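Below are two complexes that have chain A in common, paired first with chain B and then with chain C.
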Partner chain A sequence: MSGAILSRPGRVALSPRLLAGILLVLLALVPAALRLLLGGVDPLEQDLMALNLPPGDGHPLGTDHLGRDVLARLSAGTALTLGTGAGGALLAAGLGGALGLLALSLGGVVRGVAFAAFDLLRVLPGVLLALLTAVALGQGGGPVMLALGLSFAPLFAEVARATHEREMAADYVAAARVFGLGRLAVLARHVLPNLAGPMVTLFAIVLPRCIVTESVLSFLGLGVSPDQPSWGRMIADASGYAEDAPHAVLAPMLALSALTLGLSLLGEHARRRFDPLARERRP
Partner chain B sequence: MKLLLPFATSLLRAVAMVAAISFVTFLLIRAVPGDAVDVMASQGDLTTAQQAAMRAELGLDGSVVSQFSRWVGQAAQGDLGRSARFGKPVVGMVAQSIPATLGFAGAAFALGLVLALLLAIGALLAPRSPLPALVEAINLWSIAVPSFVAGMAAILVFSLWLGWLPVIGNMVAPIVILGLDIAGQLAKPLLEELREARLAPHVRAARARGIAPLAVALRHVLPKAVPVLLALSSICLASLIGGTMTMEALFGLPGLGSLVLNAVHGRDYPVLQAVIIVLALGVVLINLAAELARRLADPRMRA
Partner chain C sequence: MSPPLLHVSALSIGFPGAAPLVQPLGFSLARGEVLGLVGESGSGKSLTASALIGLLPEGMAATGLAVFEGRDLISLPARDWRRLRGRRIAMVFQDPMAALNPFMTIDAQLHEALRTHRPLRGAALATAGASLLREVGLDPALGARHPHTLSGGQQQRAVIALALSGDPCLLLADEPTTALDTLVQAQILSLLRQLTQQRGLAMLFISHDLAVVARVADQVGILRRGELLEIGPTADMLSAPKHAYSQALVAACRDLTAWEAHKPVAAPPALRVRGLSVTYRAGLLRQPRAAVHDVALEIPRGGVLSLVGASGGGKSSIARALVGLAEAQASVAEVDGAALPLGIAGRRQQVAQKIQIVFQNPNASLNPRASVAQVLAEALARHGLPRPERDRRAAAALEEVGLGAEHLPRRPHELSGGQKQRVAIARALLAGPSLLICDEILSALDATVQRQILALLRRLRQERGLALLFIGHDLKVVRSLGGDVAVIEAGRIVEQGPAETVLAAPRHAFTQRLVAAALPVAAAPAVASPPTLAHA
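What follows is the complex of A and B.
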């Protein structure tokens, strides 16, 4: 069971890091919560009579250069930002973990080719991958998730390989194989349970990085389509009007930083608690 | 010879990598419906015959494989085709942009490396000072705060509110921001490595002989961390390239980043393809250099 690693004895101490992480993530989710509770304006609705309004009546966070409500856009962008990042991280875990494990268990040429491909992906900067997916598949959430998944997959594959090698070398696995347990059964019964903890931890570490990368891509115009209010896109759109409407830039900047800082703190907490990589990621 | 034999395999692998990246890039770009001629035709009147002539001139006719082999043949002679938008030779456009990007990225990396070394050695020698916490904080910063957000904040504060720096074409802010980013990525693993290296017997012997802590750190601890530092640096390379592109876009600096982003938005595929391949080549070359340096620095890798 994966519980073997996840439920290590000892209570979860509420460290300052954990507390700060939880608070920051909650803070970043406030606009979305407000929208759920109170309902809200259409994030795409333009009011050309109310351009670049400072925060105040009717528009708690003001309006942007097209007269769109900043709070409405911020809250609409929460799911987009979080969803694209999480989708990318999940895809990376799937590609790296599942394909890596499959290649490892098949061995031979398949293993060589798969890990050569992971090496190639590791060398390519994520932005270049995103350029390629944006050019080949067009703009949108799917291509961005694919780029994120491809560029973070090597990390998961590396963890899969380290765990696989360690478990295969263990005496109890040798014993199980002597007793006639097949390769797949060893994989399912001994490797997978030991992989679950490290994979979950790595996911927690990669998630904020995926969100950061997504926002960079949106900022560069390689992310989701222009009318969708991803936070990176909002910053890019409003950056040209920073002098007249600093609030329209600052709001998504603060929301994004709170979310990624909070998630990074949580990821760091998870790493310290379960520490799957501290040794293995060393070159 | 012992040093060069394993290096030859890395070299072969690097060549294979560049070839693979070139071909995949080529394939992906050709898979896009609508080429540069279609874009131009949609903007002005072009007869079918004119379109066919332009395709032939730009190397866009024939099958993908024949296009690729023709492209490789020309690239080997230093001809990367002409920009679909500007009609200028791509080689010239790329060559013009390389020095700016190289200088910018080099300055940011140098700043980051120096900062990381200072912070890590300081934190190693003064464990009770705020320095170890600073290493943690700057690491978190580099992971969680995207460089364009930091850059935007710098523009808001220093350019718009304090009026110290010009917004466009300013070099100081982006170099500092990217440098901090690199320092954050390097300092923490470097500090961990230094702490471990300090436990080695010869380091303890040196300390027991009463050699000053700083001298021990510089002469005995730091050299042990050099291979790791080189490996870390090549890992940083990807984020350095992404960061350089972002900074060029945000601060309106000329360079490969601006070139490639304009090429994407203008569907200037010859330029796009050339820049992607030049960047991939750069990454592979720098990784090779880092590996060779690591082999030289770490006797265990020579065996």
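What follows is the complex of A and C.
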């Protein structure tokens, strides 16, 4: 057990893992921050006289096979990568959590059908889902987010179901129902407060997975349109020239690794903070 | 008297560097002798047993001396423990289902245990297993079954057989009957007593219940907050306890204040049900299972009715049905003369709110996240009162159960077990009940706290004219409540009438068994003589 669990709320003990997480995420965001503050060159501008240049004058991270500035593309791609991933995770939480809870409180056939659908979604590979959404809605950020949302929603629905079942079996819920409180009141008073912690935790765990998945989809060409610089796209584009210009592959790879590792560490911290065993101990 | 088998002196247990959890204590135990350790939860009785079998929780250490067969157990290296544990010293735990492997038959577990202790094979192994099962009063044919197909009492007998497999001479029994109902408890206690006599076992028997300990022990030690207050022969301890706490404990076990007789009032009864049946549906295709058949109950205003019976008999099903938590049908269901809607939807009607319930386990019936104020507000939620009024009523209800308004912002884990149960009662009172169902509300509480809660119920009945449906297994309490008693067996009422009459002269065979199994705390020296217990 780390010190963080025993700390009082509002006073977060800075464990080495938490510090590492924060630093890694900040590091991954440095290019985007620099671009915001100082401005930068156009990430789409091609300089055919400067293909696959190593890091150096004018191009701090070099150029890629089309002579585009890697740093510019990296910083411009941050928002897209993070945004699509976060959007997908949010959508998953919304779909899984809200629809799951709705189905649970309606009960009966609705519940059975809804959870059968969630199970069906879970067995479909994410790539297949992305292919389907891309075919149906075309390429772009929206379809990718939808694919991410759909493939991660079952996780949130399962967590909602587990919490719901545990709470509904509790004596204090029986007591509430004896006082004539309806399903919705019980849901709001007893289930939701106990669900918030696990949901936040799961979100923190799913977010980095969504970001990686988005990059994988972009790498496979199922992601956002090719002219938009997402990190996955950058890795895909530059991987053909890895021998001539390793920097063009390494830069987005390292950024992606730092961001997801950092977010995972933060997610782990969130999980510990909301751990039901730790919760009892906090005043 | 034979020389002591186990001599403990200055045994102290705790985390090194911190205040000890068990302060230096000592006792000695001879073969054929039973020492009972009694104490409330957290008094250190289980830690003492753990130290004597070398299984203290991680990080804890014991100091002092515990000489067993010439060796000191406290300083025994782990290697030597493996030769001692299970062979010379064995343990019986509280929850038999947790002590048995659910995936193995009783025979398989017993044979495995026997083989680790003795070089037995084939027929000899089977014979040894069967004779152990016979010794603990189990039909050897049951050995082929898996634990979950056995009753709680049979499971505990199997655990005892396992404990005996290494032919130990010291048996540590940690609350071995707490998970069992009264009838089965009496059987297990008599078995344990019998085994100590026949095998010349020494037994350390741990329980929170003095009445249980008095039934088996030759000596009783009373522990409180890690301190052994006094120790002595059972008869002396019961007749002349020296320490004030021991006196309170003995008193809590024995002379409960009898409640005032109910004065008949010219008012419709608080509860009248006829033909009450409770069924549980297991699934669409399964046959619904009836837990309660055709039960008739009547409780006058301000009256008391006690429901007694073995666990699984349907007592709690009746309670849950009356507050809409179980599906039920009845030909007549009235509260204060008005029709009582059954089912959970009916709880929205004001008339249904006149029946309230308090559950067995106060830890489970209060949401750990909610403050006492929020817990109490729930009873008033349906009225939509303004906040000051809600707070005023909540504070008044707390005061009525003997707690102050300073408890309002606290959370359940900041309260003691008794305080939590008081909050649960206050919550029920806020709905303005005329009948309060007490579903085993004393079972999770220590003896001295039980008394306080009983005193509270008694006052509420006098001040509010509250009628009580009391569900419990402690006939001593039932007797003190007076009023009526209904005896439930397998979902049917087999005997009903004034508590005094029914318990003094039970007519039905099941009631007779219940009464025989109850544990009177007698100061008579009968405890030292060979056991004369009912073999129900």
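General remarks:
Simple rule for what comes next: the second predicted complex is superposed on the first by the 264 of 283 C-alpha atoms of A that agree within 3 Å, B and C clash if a C-alpha of one lies under 4 Å from a C-alpha of the other, contacts with A are read in each partner's own complex, and residues count from 1 in each chain.
Here is the rule we go by: a contact is a pair of C-beta atoms (placed from the backbone, for glycine too) under 8 Å apart; a residue touches a chain by one contact, two chains touch by 3 or more.
Computed from a predicted structure; not experimentally measured.
Look at chain A after the overlay: chain B and chain C fit there side by side.
By the touch criterion stated above, A:Pro193 is placed in contact with chain C alone, chain B being left untouched. When the shared chain is aligned, chain C comes close enough to touch A:Ala170, but chain B does not.
When both complexes are overlaid on chain A, the residue A:Ser230 reaches neither chain B nor chain C.
Residue contacts after overlaying the shared chain place A:Ser239 against chain B, while chain C stays out of touching range. Once the two structures are overlaid, the count of chain A residues touched is higher for B than for its counterpart among chain B and chain C.
In the overlay built on the shared chain, the residue A:Arg209 is in contact with chain B alone; chain C does not reach it. By the touch criterion defined above, A:Val178 lies against chain C but remains apart from chain B after alignment on the C-alpha atoms of chain A. In the superposed pair of complexes, A:Thr78 makes contact with neither chain B nor chain C. When the two structures are aligned on their common chain, the gap between the nearest CA atoms of chain B and chain C comes to 5 Å. The intersection of chain A residues touching chain B with those touching chain C, taken from the two complexes, comprises 283. Interface residues of chain A, counted against chain B in their complex, comprise 116, 119-120, 123-128, 131-132, 134-136, 208-209, 212-213, 215-216, 219-222, 232, 235, 239, 242-243, 246, 249-250, 253, 256-257, 260-261, 263-265, 268, 282-283. Against chain C, in their complex, chain A makes its touches with residues 170-172, 174-182, 185, 189-190, 193-194, 279-280, 283. Of all the residues in chain C, the ones that touch chain A in their complex are 320, 323-325, 344, 347-349, 352-353, 356-357, 359, 361, 364-370, 375, 378-379, 381-382, 411, 413-414, 424, 427, 431. For chain B in complex with chain A, the residues that touch the partner chain are 13, 17, 20-21, 24-25, 28-29, 31-32, 140, 143-149, 152-153, 155-156, 160, 228, 231-232, 235, 237-239, 241-242, 245-246, 249-250, 260-261, 264-265, 269, 272, 276, 279-280, 283-284, 287.
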